[in-house]
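The data blocks that follow each hold one structure.
Two complexes come next, and they have one chain in common, subunit A, joined by subunit B in the first and subunit C in the second.
Right after this comes the complex of A and B.
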C-alpha cells in the first residue's frame, strides 16, 4: 500500500501561498512590470494604508449598505414570488414560463434598461442589485414550496388553517432549506451586482468606485488592494451564511 | 354503557359511495356504506388493509367531498374540515420545525381562545399524555410512541366532539400500545 502523505492543517493555504511566492518572485526577478503588477508587499501596504488612513472604511460602508438594501428588496420580492409560483398552480402556469425566459437574459443586459428607468444614481444601483438578488431566491423558494408533503397539507386542512397560517407554519418552514440555499446565492449575486453597479453606473463612494479610480489613475496597487478586500469579504460572507444556515436548521432531525 | 335508542345520531353516514380513479380505471373504495353514531358511542371500524377505512375517515373529516351519498353531522352535510372533528393519523404527522408543545398549540390556532388559556390547555394535554417533560423536545428527538402521543394531545386539545383515529397504534410497539389503551 502506498503511504499517504500526512496532510498539514494549512493545506487549503498551500496553493495561495505558492501563487503569492511566484508573484513575489516575478516582481523581484523583474519578470513582471511593476506598473501593471505591483509586488505583493506594495499591495498589502496599500490595503493597510487605505484601511487606516484612506477612505476604504467609508467606501466599504457605502458598498455594504447598497448591497444590503438591494439584497433585502430583491430577496423578499424573490421569496414572495417563489412562494406564489410554488403554492398556486395558476400562478405557476401563467408566470412560470415567463420567469424562466426572463432568467435566460444575462444579468448585465438589464443595466441599460434599469439605468434608464431608475437613473444611474443610488436608485438605479439598488434597482440593479435587487434585480440580481431576486432570481435565485425565486427559483429555490419555488422549488422548495411546490412539493409540500400531502400529509402536511392535510394536517393544515384538518386544523382549519387559513392561507396565511398555512404559509407561515407549513409552507415556509417546509421550504426553508431551499429558501436558505436561494438566499445564499442571492447574497453572492447581490454582492456581485453591487460592484458591477458601481463600475457601470454613476461614480459614487464604494469599492467599485475605488476600483475605477485605480484603473483611471493607473494605480494598480489600489486596484489589487480592492480585489484583496473583495476576496476577503466574499469568504466572510459565505462563512456567515453557512453558520446562519446551520443554526436555522439545527433542530430538524 | 347504556345508550338509549331514541337518541338522535350526531354523525350519519348515509349510503356513501366513493370511487377512486387509478390510471384511468375506476377503483371503488366505499360502496353503499351507512352508519349512525350516537352521542357517547365508541365505534370501531375493522377491516383488512386497503378496505377503505382511511377513506371513510377522510370523508368524515371533510378532506374529500367528492363522493356519492352524504356524511352529516347534526343533520348537516359535511362540507369542510372543522375543529369539532379531530384525527390522529396513522403516523404522527408532527411538524418537524416545531417543538412538541408547538405542535399541540398549532391545533388551537383557530380556536379563538386567548393566549393564556391556550397555553394552559396545551400543558394540560401534554400532561395527559405524560409528556410534560418533553414539551420543548423536537419531533426528531421523540420516539415513535412519544410522537404519536403528541399527536393524540394535538387531537384532544380542542376538545372535539368526534375523535377519529386511523390505526393510531399501528406503528407502536406492544408495550406502548398496552399503556395507551
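Right after this comes the complex of A and C.
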C-alpha cells in the first residue's frame, strides 16, 4: 500500500507531527476549549487507561466477536450465492437481476426492517453485519467464477469431476483472485456495519456503544480514544488482509 | 432474458400478496402490499414523500459536491507530485481506515446535529474514493503519453489539460461514481441516526411507530434513487471508457 521510495523517511510523518504539535500548542496556550479538544496526552492516557483498566478491551472484544460472526455468515453465504450465480446459467438468469436490484438499496436502509425482524439485540446486529458482508462477496465471486476458461471446464469433464470436486479444484481456485477482492471488501463493510449496528441498535458492549456513551456524556477524550483505536484496527485489518491475500495467491501458484 | 429475470420478482410479489391476503404474515414481519400502496398514495398526494426525497437529494448534492472538489484537489496533488504523495499518503491512509460512522459521534459533539453535520459526513464519504482514484489515475498515465508531451515541449498546463487529465478521466470518473454511491449510503445512515427530515428519517419514524408500510415505501424509494444514480453514471462511465480505447 505504501510505496517504498528513496525519499527522506520523515516525510510521511510531517503532517501527523505538525498536527500533533499544533494540537499540543493549542491546548497549552489555551486557544482551544479542553472540553472540545482535550490535549493529546489526555487522549493517549485515556487510550492507555481504557485498554488496561477500563472496559475498552471488553468492548473491543465484543465488537470483534460480533463483526467476525457477521463476516463469517455473510461471506460464506455470499461466496456460495456468487458461485451459484457464476456457475449456473439458470440461476444467473433467474436471480441475477433480482440481486442487482437488491444491491441498489443503500446498506443502512435495511436497518429498520432487519431490526424489526431480528430485534435490536445481538441477533439483529449480527443479521445486519452479515447482510453488509454478503453483497461484495457475491458480486466478486460471481464475476470471477463466470469466466472460467473453457479448457479447464473440459478438463474437469474429461476427469469426470463431480460437482463438488469441480467447485473445489476448478471453480474456486480459478475465481480466487476475485473472491479475495470480494472478501476484502466484505471485511471492510462488516466492520463498518458493526460500528453502525452498535450506534443504531440497542446498547450493548462494543466500540460503537462506547462512542455513543462518550457523545452522550460529552467525554471528548473517550470519543477520540475510540477513534484512535478504530484507526489502529483499520490499519491492522488492511495489513492482515493484504498478507493473507498474498499467501493464498502464492499457494495457488 | 428479461423474462426469466422478471419471473422471480413477480413470483415473490405474488407470494407476498397471497400470504398477506391469507393472513400468513403478521404486520410486524411484512405489511400487506395493498397497505404499502395506499400509504405511498397518501404520502405522494400530501407531498410529504416528495419533500423528504428533495431534502435527502439536496443533502447528497451538497455533500457530494464539496467532497468531490476536495477529493479531486488532494488526489491530483498526490497524483502529480511525488513529494505531495510522500507527505499525504500515510496520514490519508490511516484516517481513511476509520469507518465513516466512527466519526459521527465526534462530529455531533463538534458541530451539532444540523445540516452541517450531514454535509460534512457525506462530503467525507465522497472525498476518500475520489481522492484515491484521481491519484491512481494520474499516476497510471502511460509513460509513452507523457513522453509525447515532452517531445512536443508542452508547458505544464498543456501537459495537464491535454495529456494527463484526458488519460486519467475514466479513473477519475470511477472515483466520482464510487463517491456518489458512498454519499448516498452515508446519507441514509446519518438520517437514520440524527435527523428530523429526509428519507432515512421517514424510515426510522416508521420503525418507531411499528408501521412497516412506511419503512417499505421509503426502502423502495431509496432503492429506486440508487438505481437511477448508478445507471446514469454507469452509462457515462462506459462512454468514457470507449472513448479512451479509441484514443489510446
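Quick note on the criterion: the second predicted complex is superposed on the first by the 241 of 253 C-alpha atoms of A that agree within 3 Å, B and C clash if a C-alpha of one lies under 4 Å from a C-alpha of the other, contacts with A are read in each partner's own complex, and residues count from 1 in each chain.
The rule is short, and it goes like this: a contact is a pair of C-beta atoms (placed from the backbone, for glycine too) under 8 Å apart; a residue touches a chain by one contact, two chains touch by 3 or more.
If you're wondering where the values come from, they're calculated on a predicted model, not measured in any experiment.
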{"item": "Simultaneous placement of subunit C and subunit B on subunit A, clash or fit", "value": "fit"}
{"item": "Partner chain(s) touched by A:251 [first = subunit B, second = subunit C, both, neither]", "value": "first"}
{"item": "First, second, both or neither for A:147, with subunit B first and subunit C second", "value": "neither"}
{"item": "Comparison of subunit B and subunit C by subunit A residues contacted", "value": "C"}
{"item": "Which superposed partner A:170 touches (first subunit B, second subunit C, both, neither)", "value": "first"}
{"item": "Touching partner for A:160 - first (subunit B), second (subunit C), both, neither", "value": "first"}
{"item": "Which superposed partner A:16 touches (first subunit B, second subunit C, both, neither)", "value": "second"}
{"item": "Touched partner set for A:24, first subunit B, second subunit C, both or neither", "value": "neither"}
{"item": "Following superposition on chain A: angle at subunit A, subunit B versus subunit C, Cα, nearest 10°", "value": "100"}
{"item": "Partner chain in contact with A:33 - subunit B first, subunit C second, else both or neither", "value": "neither"}
{"item": "Smallest distance from any CA atom of subunit C to any CA atom of subunit B, in Å, after fitting", "value": "20"}
{"item": "Intersection of subunit A interface sets (partners subunit B, subunit C)", "value": "none"}
{"item": "Residues of subunit A that touch subunit C when the two form their complex", "value": "1-3, 5, 7, 11-16, 36, 93-98, 101-102, 104-113, 115-117, 191-192, 195-196, 199-200, 207-208, 211-212, 214-215, 218, 220, 223-224, 226-227, 230-231, 233-235, 237-238"}
{"item": "Subunit C to subunit A touching residues, read off their complex", "value": "1-2, 4-9, 12, 28-29, 82-83, 86-91, 93-106, 108-110, 184-185, 187-189, 192-193, 199-200, 203-204, 206-207, 210, 212, 215-216, 218-219, 222-224, 226-227, 230"}
{"item": "List of subunit B residues in touch with subunit A within their complex", "value": "61, 63, 80-83, 85-87, 89, 91, 93, 95-98, 106-107, 109-110, 138-141"}
{"item": "Touching residues on subunit A, where the partner in the complex is subunit B", "value": "151-152, 154-155, 157-162, 165, 169-170, 173-174, 176, 251-253"}
